[in-house]
Amino acid sequence: MTPLAALDYASVIVFAISGALAASRAQLDLVGFAFVACLTAVGGGTLRDVLLNRDAVFWIADPTYIVIACLVAAVVFFTAHLFESRQKALLWADAVALSVAVVAGAGVALKLGQPPVIVALMGVATGCFGGMMRDVVCNEVPLILKHGELYASAALAGPLALLLASHFELSRFLGFAICAIVTFILRAGSLAWGWSLPVYKSRPPKN
Amino acid sequence: MTPLAALDYASVIVFAISGALAASRAQLDLVGFAFVACLTAVGGGTLRDVLLNRDAVFWIADPTYIVIACLVAAVVFFTAHLFESRQKALLWADAVALSVAVVAGAGVALKLGQPPVIVALMGVATGCFGGMMRDVVCNEVPLILKHGELYASAALAGPLALLLASHFELSRFLGFAICAIVTFILRAGSLAWGWSLPVYKSRPPKN
Amino acid sequence: MTPLAALDYASVIVFAISGALAASRAQLDLVGFAFVACLTAVGGGTLRDVLLNRDAVFWIADPTYIVIACLVAAVVFFTAHLFESRQKALLWADAVALSVAVVAGAGVALKLGQPPVIVALMGVATGCFGGMMRDVVCNEVPLILKHGELYASAALAGPLALLLASHFELSRFLGFAICAIVTFILRAGSLAWGWSLPVYKSRPPKN
């Protein structure tokens, strides 16, 4: 298994958990759990593969990803009541998944020799799209839009760190690790201690 | 006309009806009717063709589909007031369309020699995506999310029946018929008699 | 720079403005501004390129588009408070962007030798999709759905005029200009003087 495939597997598992937790909040049945888990798990990578025009979407080339997402959905269906707060569990699963998926997106673009802007953007798109689909489909406000939180910013900082690491010719593995860690620290800091960037404040009353 | 093209035509017509009925509930004008009808009618098949990387999206290869969806929209624009309950008509049109589109999705994947997991998933995706776009764009709760209803489950049961039929080497036509009938019976049973699968119930208060 | 590339640049700039203004209404941070601006700016053209199966999506072939959308987002972040009404500015930026993007979509389809139905539809899809993504992601009612306004109709009238111009063998440049002007006049008339098409009115109480 290549490192990039391992990253795809890891992000599929954690995003599937976050999708299934969202399904539990929407009180769906077992098939509904599997549907939202699959959508969240493969959404970002599918967008990446379609945009980069790869030969085949990763989960069509290897359907194991779908089987895994369905198994995860089933496990969560029977165990979600064990979590003290499912919303909190969802947020942290999403943070881990974001960190891994950002690397999976930026890494593929880097390997295909795309220019830096596209590497950064593929990281952001792959990281954010699955969770965005989950929130739109489950009728929740997309996490990416909660103001006063780092989300897109965390997903952008990771790929930028990866590009820097690649510029200084660090090993690919080290670059991937740095990318995931930077993303996770920023997102976790935002969840745990309220880190944020200044948001736009309208001076005149909002219209 | 191949059987698979006939299925695409049939699902385009019935999904266009459901899209135009949704447009009537949102009180759009004639062009708005055509827009939502087209989006609903070709949404699922477009997703299927893009994901499976087919040479051309089906309605670009043959624009007749679009012409048909627009004609259907025009007919509904002038006749929707004849329905006693447009919401009920929408639900039943959607049920028929789902049953046909599920076959159109799973059938194409089967013909392309995809593995069973992908056949099942393409059935679900092709069946559910158009209606999901319709509901998201029209700001209604996606049918797929109404808890206590069979929707994704019905869309999954059909392709599973098709795979079984294909395993026992029934004729393709028989397999398609079984797939559509299984999907429709489950969805209709849910609409008419409230059939459902057990949904996730949180033991602690919902958070 | 070809005329079609110039159209892509122009529509990217004006859609990025409308996206950033929507971000200001959602009170996002600088990276959130850039995210919504990019999504709105390239959404329609991306859909066009994926559907028409072009070799590469336009902003992956030339990432300058993304850089421009990010710069626009930064400028709006620091100047949006100067607008008397950001909602009004958004509506007019969207109207200009719609007019330009409609040409960019229909023009590419025309150049690829697509049949008239597809030319018209690519105009509508390219024009409307970016703004629709912006509104769905920012949790606002999609402009395309506001009843009693011309939106999809304006986006359809432009490509029809282009097809007419092309039928009478007017120069390509003239056809593009007519297409943009027809779209803009209809949309502007709707914004300024309330022009509209008759909408569907349910005779029995809405159900």
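In this document, chain identifiers A, B and C correspond to the written order of the chains, with residue numbering beginning at 1 in each.
Operating definition for what follows: a contact is a pair of C-beta atoms (placed from the backbone, for glycine too) under 8 Å apart; a residue touches a chain by one contact, two chains touch by 3 or more.
Everything numeric in this text was worked out from a predicted model, so none of it was measured.
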| item | value |
| --- | --- |
| Chain contact topology (line, ring, star, complete or other) | complete |
| Cα-superposition angle relating the copies chain C and chain B, to nearest 5° | 120 |
| Rounded Å distance, chain A centre to chain B centre (Cα mean) | 28 |
| Chain B residues counted as touching two or more neighbouring chains | 50, 136 |
| Residues of chain B touching chain C in the complex | 23-35, 38, 46, 50, 55-57, 60, 63, 66-67, 77, 80-81, 84-87, 136-139 |
| Footprint of chain A on chain B - complex, ascending | 50-53, 114-115, 117-118, 121, 124, 128, 132, 136, 141-142, 144-145, 147, 150, 152-153, 156, 196-204, 206-207 |
